[in-house]
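Right after this note come the structures.
Heads up, the next two complexes both have chain A, just with different partners, chain B and then chain C.
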Partner chain A sequence: MSNQLMILLAVLLFPGGVFALVLGLALKGADRRVAARLQSRVGPPLLQPFFDIIKLGFKRTLVPEVASETVFLYAPLIGVISMVLAAALVPITAVYTPAPAIGNLLVLLYLLMIPGVVLMIAGSASGSPYGAIGFSREMAMMIAYEGPLVLIAAAVAIRTGVGMGGTVSFSLSDIIAYQQTHGSFLLDPVMWPALAAFCFFYPANIGIVPFDIPEAETEVLEGPLLEYSGPTLALFKIMSALKKVVVLNLGIALFLPFAPENWLLALVVWLVKMLVLMLVGVTALRVAIGRMRIDQAFIFFLKWPLLLAVASLAVVVVV
Partner chain B sequence: MSHDHTPTVAPTYSIPVGPLHVALEEPMYFKIDVEGETVKHVGINAGHAHRGIEYLTTKRTIYQNVVLTERICSLCSNSHPQTFAMAAEKIAGIEVPERGIYLRVVADELKRIASHIFNVALLVHLTGYETYFMHMMQVREICQDTLESVFGNRQDIGAMCIGGVRYDVDEKSIAYILAQLARIEPEVRDFIKTFKSNGTILRRTKDVGVLTHANAITCGVVGPVARGSGIDYDVRREATYAAYDRLPLMVHTQTDGDVWSRAMVRLEETITSIDLVRVCLRDLPGGDAHIHDRPDIPPGQAIARTEAPRGEVFYYLRTNESAQPERVKWRVPTYMNWDALRFMLQDAKVADIAIIVNSIDPCLSCTER
Partner chain C sequence: MGLIPNFKTLATRSPWLYRINAGSCNGCDVEMAVTALIPRYDVERLGCQYCGSPKHADIVLISGPLTVRVKDAVLRLYEEIPDPKVTVAVGVCPISGGIFRESYAVLAPIDQYIPIDVNVPGCPPRPQAIIAGVAKAIEIWRERL
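Right after this comes the complex of A and B.
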């Protein structure tokens, strides 16, 4: 009984739910602020993402006449629920360990696919031609980056499993425990191809320039999000804020989970790692270059991240 | 022959681009049939920005029309009154003083610098490269500051009048303009270097929206669009006016006819414009900048043409006994250039539509007035 209560608290309060949402929006605020400074602009206040959500909450939701209303309205809700669950799956070293029933890398991989699928469904349910283009682009992007992600996960799982004397371990707690005793995968040359592939994956999954192609504002006017307004649009923003936390935390869990014993210190170290991953992998990247075209991004992903991910799997299996 | 009755699914669907679209600065409506991500057919629908200015010109006196024509469009806001004034001067046989002729070039070229950097900056914005867009706009802002300081306005600078220019420069403002140009020039040279080497920009602009030399001639395109397709044509040289015959004018061309070529022509022209302003200010003759009386414009008709930032602007003016013109008609570069869009957009990717449309530097308020 208390176990179920703990899971519920993990999902709703910490590290999922409220905590992940606040953190995700704060990261977004920091990202916008730093990007503005890099472009010699003043930039919005740090709390701007919170203001945006609150403002959208008070607005009306307009449903286009051609949209299929039920799907249109409930799709973002599914996305948010999937991400709230996912946020409770990933451990934070020395701070939070998920219940063994849910802390599984494979479950997380499935949950991580849902926001993309939700965007596709939302885009096609809205009935807008731009939503349709967004749909096909989102699908191409997912095909491009999900493959490498699965291979990266497999490489990590095999490395952990073999290291612990078994064959393969998809338990996130095991992955962290192994790295706690044997050193982070960040310092393990065998894992560097996987790490490099992950560095390509997470900006694409978070959906920023150069990989924000499905929602490219100057090309398809935010694509699937074009017809959304008010609270439903806020749900999408909440979904993407949660997804940031999940994806960044996944990176930390897979490659750099080192942390001090003290839980408070560990939490601070974890937050710093989140911020660094965000500013280096997302902010710096998106101010440094422009958007790719969908065909260019697709070929790019089939070339480099996939190659790296395959190489990492091969290296891990051989070594 | 199949005899089943399964409904055939149309391989194409159409998307509306415009009339309100974040990538278009002005209302322009394209009905685009796409197959997947590839453009198959383009329908151009114009007329959203029609304000009846041609009609209005016949209700105002010729001198008032210098002010009205300046308000046709904010980016070519110097070319319109200049061309109109040239047509009126031709009818009345007015000689513009030497100093006025040189100052006309200064005003025109400063506007050209601002317009060209603006267009190339927008191109970078459309490729999603926000940081470089911000940087280019900051450089353009130097030019806008110069315009505001010298003319009192950022866009409608009000420099032209019939018989000369309405502004004058002294030692102090000449030194100021030269100092500002010295700030702009290294930045523009940097833009050129970046456009030649930056992967992000090259990836999205090379071989995109190609207009071949033959198609360019078919459509009769003008300005940087023509020069980007290898047509060596510039009104400043072909039908020289103001002081251009005495200035070291260089006409830049590119051969590929893609978006990159058009942007590169604009950037190189910006450097030339900076040089022209410098030479003008160095060789500036003394005397008056404009004639002192306001002669009546006799009945007659005349044409005049100039090179606006977007290409050739062509004015026809017919006057009668009254103070108002009987007919004013103008043809702007965008009218010639947007016809070429159907060649450029053919088989383009949806992602490139906005980039290609921007590359002709469309000016809708000029075209639809």
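Right after this comes the complex of A and C.
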């Protein structure tokens, strides 16, 4: 019973639910502010994403005549729920360990796919041609980046499993425990191909330049989100904020989970890591380069990240 | 002060802008889209953000004299913007037709068709004036939330 209560708390309060949402929006605010500074503008206040969400709460929701209403309205809700769950799945070193029943890498991979699927459903349910273009682009991107992600996960799982004397271990707490004793995978040359492949994967998954092709504002007017207004749009914003937290935290868990034993210190270290990853990995990246075309991105993903991921798997199996 | 008014005040810090070109010569559009966003003026300070979809918009910036050709499209676009919204007419074109005022193809003044809340005269107006117009629109928007 208390176990179930713990899971519920983890999903709703910390590290999922409220905590992940506040953190995600705060990171987004930092991202927008720093991006503006890099372009030598003043930029919006740090709390801007919170204002945006509150504002959207006051707006009306319009449903297009041609849309399929139920699907149109409930799709974003499914996305948010999946990400709230996912946020409770990823451990934070020395601070939070998910219950063994849910802390599994494979479950997380499935949950991570849902926002993409939700965007596809939303785009096609809205009945807008731009939504349809967004749908097809999102699908192409998912086909392109899911393969490398699964291979990366397999490489990490095998490295951990073999290191702990078994075969594979998809348990996220095992992966972290192994790295705590044997050093992070970041410093392990065998894991570098997987790390490089992950560095290509995450911008595509959280949808930032150069891989935000399905939601490109200047080309397809935010594609699937075009027809959404008011609270439903806010749900999409919340979903993407949560997703950033989940994906960045996944990166930390897989490759650089080192942290001190004291939980307070560990939490601070973790927050600093998140912030640095956000500013270097997301803000600097999106300010520095332009958007790829969908065909370029698709071919790019089938070449380099896939190659790197296959190589990483091969290296891990051989060594 | 109750919770809802507090939230409304916070909400006014996030006005999203949408531009409608009602047959403008593009002079005003360049001022809105480019000059107001450059580092020197930066409307994002006020929380503003240009959005691609009319359904995300809060403050509508209309430029141009409303030509006969675009009238239906503009009216339809205006309907698509969810309430509460505020309209700002940028340039002298929407007010009187500006340099196009005697043309057979022009329906200015625009406020016969769309309720206009703020006028920003000028041909084209200076970026400071446009930002002042947006700031005025935010005040009006606060009352409508």
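Please note the rule applied: the second predicted complex is superposed on the first by the 319 of 319 C-alpha atoms of A that agree within 3 Å, B and C clash if a C-alpha of one lies under 4 Å from a C-alpha of the other, contacts with A are read in each partner's own complex, and residues count from 1 in each chain.
The criterion applied here is as follows: a residue touches a chain if its C-beta (ideal position, glycine included) is under 8 Å from a C-beta of that chain, and two chains touch if they have at least 3 such contacts.
As the structure is a prediction and not an experimental result, all values here were calculated from the model.
S.K.: Just to be sure I read the superposition right, which of the two partners does A:Lys303 touch: chain B = first, chain C = second, or both, or neither?
M.R.: Touch partners of A:Lys303: none, neither chain B nor chain C.
S.K.: Which holds for A:Asp295: it touches chain B only (first), chain C only (second), both, or neither?
M.R.: First partner only, chain B.
S.K.: Look at A:Leu62 in the shared chain and tell me whether it touches chain B only, chain C only, both, or neither; answer first, second, both or neither.
M.R.: second
S.K.: Once chain A of both complexes is superposed, is A:Pro210 in touch with chain B (first), chain C (second), both, or neither?
M.R.: Only chain B is touched by A:Pro210; chain C is not.
S.K.: So in the superposed three-chain picture, is A:Glu227 touching just chain B, just chain C, both, or none of them (first/second/both/neither)?
M.R.: After superposing on A, A:Glu227 lies in contact with chain C but is clear of chain B.
S.K.: Which partner does A:Asp52 contact after superposing on A: first (chain B), second (chain C), both, neither?
M.R.: In the superposed model, A:Asp52 contacts chain C only, not chain B.
S.K.: Once the shared chain is lined up, is A:Ile133 touching chain B (first), chain C (second), both, or neither of them?
M.R.: Once the two structures are laid over each other on A, A:Ile133 reaches chain B alone.
S.K.: Share the list of chain A residues that count as touching for chain B in one structure and for chain C in the other.
M.R.: In chain A, positions 39-41, 217-218, 221 sit in both the chain B and chain C interfaces.
S.K.: Chain B touches which residues of chain A in the complex?
M.R.: Spelled out, the residues of chain A in touch with chain B are 38-41, 129-130, 132-133, 136-137, 209-210, 212-213, 216-221, 286-296.
S.K.: Okay, in this complex, where on chain B does chain A touch?
M.R.: Listed in rising order, the residues are 13-16, 21-23, 34, 36-37, 124-132, 134-135, 138, 199-201, 203-204, 349-354.
S.K.: Looking at the complex, which residues from chain C come into contact with chain A?
M.R.: 7-8, 10-16, 37-39, 42, 44-45, 47, 51-53, 55-56, 58, 80, 82-84, 145
S.K.: Taking the complex as given, what residues does chain A use to touch chain C?
M.R.: Listed in rising order, the residues are 32, 36, 39-45, 48, 50-52, 54-55, 57-62, 217-218, 221-222, 225-230, 233.
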